[in-house]
Amino acid sequence: MKELIHPTEKGKEIFNLIERLYPITRSITGNGVRETLAIVSEHIPLVIHEVPSGTKILDWEVPLEWNITDAWIKNSKGEKIIDFKTLNLHVLNYSIPVHKKINLEELKEHLFTLPESPDWVPYRTSYHNKIWGFCMSHNQFKSLKDEEYEVMINATLEDGSLSYGEFYIKGELEDEVLITTHVCHPSLANDNLSGIAVSAFIADTLRKIKSKYSYRFLFIPATVGSIAWLSLNEDKIDKIKYGLILALLGDEGKFNYKKSRRDTAVIDKIVAHCLKTRNEAYGVLDFSPYGYDERQFCSPGYNLPVGRLSRSIHGEFPEYHTSADNLDFVKPEKLEESFEFLRSIFQTIEGNQTYLNLNPKGEPQLGRRGLFKKIGGHSTAKDFQMALLWILNLSDGENSLLDIAIKSKFDFELIRKAADSLIETNLLQEIV
Amino acid sequence: MKELIHPTEKGKEIFNLIERLYPITRSITGNGVRETLAIVSEHIPLVIHEVPSGTKILDWEVPLEWNITDAWIKNSKGEKIIDFKTLNLHVLNYSIPVHKKINLEELKEHLFTLPESPDWVPYRTSYHNKIWGFCMSHNQFKSLKDEEYEVMINATLEDGSLSYGEFYIKGELEDEVLITTHVCHPSLANDNLSGIAVSAFIADTLRKIKSKYSYRFLFIPATVGSIAWLSLNEDKIDKIKYGLILALLGDEGKFNYKKSRRDTAVIDKIVAHCLKTRNEAYGVLDFSPYGYDERQFCSPGYNLPVGRLSRSIHGEFPEYHTSADNLDFVKPEKLEESFEFLRSIFQTIEGNQTYLNLNPKGEPQLGRRGLFKKIGGHSTAKDFQMALLWILNLSDGENSLLDIAIKSKFDFELIRKAADSLIETNLLQEIV
Amino acid sequence: MKELIHPTEKGKEIFNLIERLYPITRSITGNGVRETLAIVSEHIPLVIHEVPSGTKILDWEVPLEWNITDAWIKNSKGEKIIDFKTLNLHVLNYSIPVHKKINLEELKEHLFTLPESPDWVPYRTSYHNKIWGFCMSHNQFKSLKDEEYEVMINATLEDGSLSYGEFYIKGELEDEVLITTHVCHPSLANDNLSGIAVSAFIADTLRKIKSKYSYRFLFIPATVGSIAWLSLNEDKIDKIKYGLILALLGDEGKFNYKKSRRDTAVIDKIVAHCLKTRNEAYGVLDFSPYGYDERQFCSPGYNLPVGRLSRSIHGEFPEYHTSADNLDFVKPEKLEESFEFLRSIFQTIEGNQTYLNLNPKGEPQLGRRGLFKKIGGHSTAKDFQMALLWILNLSDGENSLLDIAIKSKFDFELIRKAADSLIETNLLQEIV
């Protein structure tokens, strides 16, 4: 798989979805999430769930629903120096409402800035501590005069519900592949409109094929969304055999895969192998109990085989959680690359299988079966022929095709193709 | 073991055997193999087996026997431009007979050359595809004129048999060490007259000692020879506890050991340790299902503890399978070094054993037993004394002398010698 | 833990004890050991054991007791050219008595020097070979004239006893931590007055706290002392859960920990982790059957979880076993650092425990329990908060706090502190 220079139609379509979703004010609850899910539903038939405020979910409870219509700060001349309608990051997410006149000193206690990137507006939240606040660039902050300001946040924090979207594709097996992505961030393009849009397009691709596994896509607010789903779906958890948390898939960074808590789950081996055989820079990170919803899916009481795929890593690039994570920061060609890479992962999940070599003593005579080159003595065997030999040698019941791909260092696709040739010539039998 | 600069008599004798065998036209069947085995029989009393063409051997069958007496290409003036009698590599091995006049265009379809080494003649075979052909230097190929040629190959491909040689040395135990080497290549000195000659001399050495293990030497055509032997000797396979495939032992490259499919068989540990303690460059390669007869002995239905010892690796040096693999390419001193190194491997196989420290609580008082230096306080203990301590400390029933040599990083010979001292002083007991 | 530049009172106190012990002539038996133990008893209430000469101890027997009052060499003018009273290293330790006139040639057979450090006097012993001898600088040796010399060693080698000190601190559990240090070297400051003095101060610290584990300190002559203790205390051996041999703790080298024979005992993991989180250079060495009393405690019949902590390694620094290992060679600040580092090891032993996360499904809501920061969206979580998450995630019954510290790479102290917060909020339960 080569680095894409020009995106094809697919990359542009994914980017277009991000563009539509970008202006919406999302949070962990509220109408912004509903609006987002409605737009995603134009691509795949999402089931929308609403979990009422106050519902007990594991150790937590569903919070009050937050909605906001307007917010600003006016200076003493009545000029809006901060306007929520131009950038929703300006309001501390989950702010309580406020409307009053205050002096600079008091205002400053409610302002959040990023001194290290003084032109950018930070993204900040206060879900559990009921306060109000504004975010602004540090340069603007420094220019504030000692005068009277009028602050207004027209927000509500009331009984309502937490919304999330779910899309289930029934496969041949009840065993599931779980894909989740967080939908709770406002105007941040990479974090996580990229995850939402790529998930939607991958789901749309998968529902059009006949798959071996069932696939479940969750579009959920981070933390409280996964906790809600886990709490309400205890009966489905045992079916999850593979899982991926998708986020930050549109920037120009290399792929970074964070392993599941199990460390050697099949999904961990699959993604690491797919990354390795791409022949481009990548990272594989050990599990740690911080990050996105792997914190919940990989908590010790579940310990699910769920890893996380991103390009750049949250918190490790300067644009993270700032106004600079905008539409310029995500690239159609990178979105497409993420989409294609995910497709190769799902192809590996679908194609992996363990076979038994039916002719285990010595090599079978491949030439007679039309599977081997005709002139001997050459110094190198071709990849396909080597793949045949690897599969025959390792198909003793202990090694899946994935294991064979890893040991032989060939990409899974070649191993799968060679296995198909051996099945056709009755040299391999599937182990059920 | 130091790098040998001048070979002793042994190196010259091994080289002399190669010189005698070099001109013979060998293939996977035919009189060339028989002639080769007859000459080897002057060194060790080989049993010669003949397996008739058509015999079913595992998934294969013994091919028709190929013999050739003459071959040439004449140009339009009747001059021999290619003459099999000057170099048997000129004929595609297993060519069907031919005698006709053809134009250059048709001739070219039957010619094999090596553009990357334009002075050398390649070695090519076509065992399974019944065609005829010639091999020549690429420079000669480029100089061919567009004229009429006469081609003649006086070969037969008929019912006959596959020949191989076997030499069995009865040891104290029925457990066997298997050593195999391929005998099917024509005038190629390193590949594999070096393997044949070194094997013959090692076998001759081993038959003159009283060994613990039984040793079985096979001089076989590659692939079809090992398949024949495996097919006809199912009852002997369980006795094979160690095995080595020997090939390419005369060139100037470092030793390369390819591990058995088991990866951690005792033979794998022995050879790796013997290589490491030589203090010279070496390679240890993971198993892969390509190469020489490890493809058969290490197929999943057998999975024998058989590794492969070579100097340079097949396919990885330019002279491989070309006319440049001639008598100049193999060196008496390197043959002797290979012979000596193999001897150290067999000494390790013979000397390895697990013992129990009979005085496991605290150190035994070695001084009283004459096993320790007399003046204390020196900063370093001598190697022999350290070896004593390692053996005593690790002889808990879990570690063989080989394991102790590996952990202590001492060479096996020293460990064996120190163990003998401890046995003499009744501090160790053999575990049966 | 930062490099100490100026020692505090503790470092000076440890050094003062070394200064007092330095002039005493110690050996594996004799009054020098008794005098040493008596001085240590001023710090901690040692029990002094006397094991009579000839007592069978494992494979050994307690040697005759050696005492010495004076020794010298006089030249032909009657001038003392070597005087034991100025440096006790001048006498070969365990020399038999002698008093006679001899020529230079004969004298030389009884002299030990260090040609590679010609100004220093070596330390040499001859416990098992009954000879007499002197040690001198190589420069002095070279200046000896060919004249008559008078040699005198007023020593006794008689029935007596082997002395060692033992100090036992009863903890909550009968499970023991064993700390041993060798007391048999004469005027060598680092080897091993540093070990004796640091052990005494650590023991004094431990006896003043209420500990979970019981602690046993042994002040023993090397080899024969540990063999005697092991032989006489078979009933206590099973209680030893952790152990450290302490030696060479005052020089300026980095810490070097030698692992127990078990290689992965908890003590091995504890010391390696404590070393790693100090953020200074250190070494961790594999077990080998040479060195100090690990040779006995880690013999296969005991195989105790006993490692060894030193700064520089015996035999690997030029001053080792020479007159240059004097009071200038040990530094108060390094002694204090060793003391503090040992304290962190014992704190880890004491604080290590396995807990069960009582809320294993998803993360517990830490904010509500006052355990989490209030403003979200920041790019980094603080160490303490990360420690909470690591503990919750890994407290599945399989991981101790030590394991969690190792996996999270946090120092044990932070993990212990975070665990305490989780216990207070009823999120963790101790596994008994």
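Labels for the chains are A, B and C, by order of writing; each one numbers its residues from 1.
Note that a contact is a pair of C-beta atoms (placed from the backbone, for glycine too) under 8 Å apart; a residue touches a chain by one contact, two chains touch by 3 or more.
Treat the numbers as computed from the prediction; the structure is a model and nothing was measured.
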Copies chain C and chain B - interface residue numbers shared by over half, same or different: different
Rotation angle (°) superposing Cα atoms of chain A on chain C, nearest 5: 120
CA centroid of chain B to CA centroid of chain C, Å: 53
Multi-partner residues of chain C (each touching 2 or more other chains): none
In the complex with chain C, residue positions of chain B that touch it: 357, 359-365, 367-368, 372, 374-381, 386, 389-390, 392-396, 408
Residues on chain A engaged by chain C in the complex (per definition of touch): 58-60, 93, 112, 122-129, 223, 226-227, 230-231, 261, 288-290, 295-296, 298-303, 314-316, 320-321
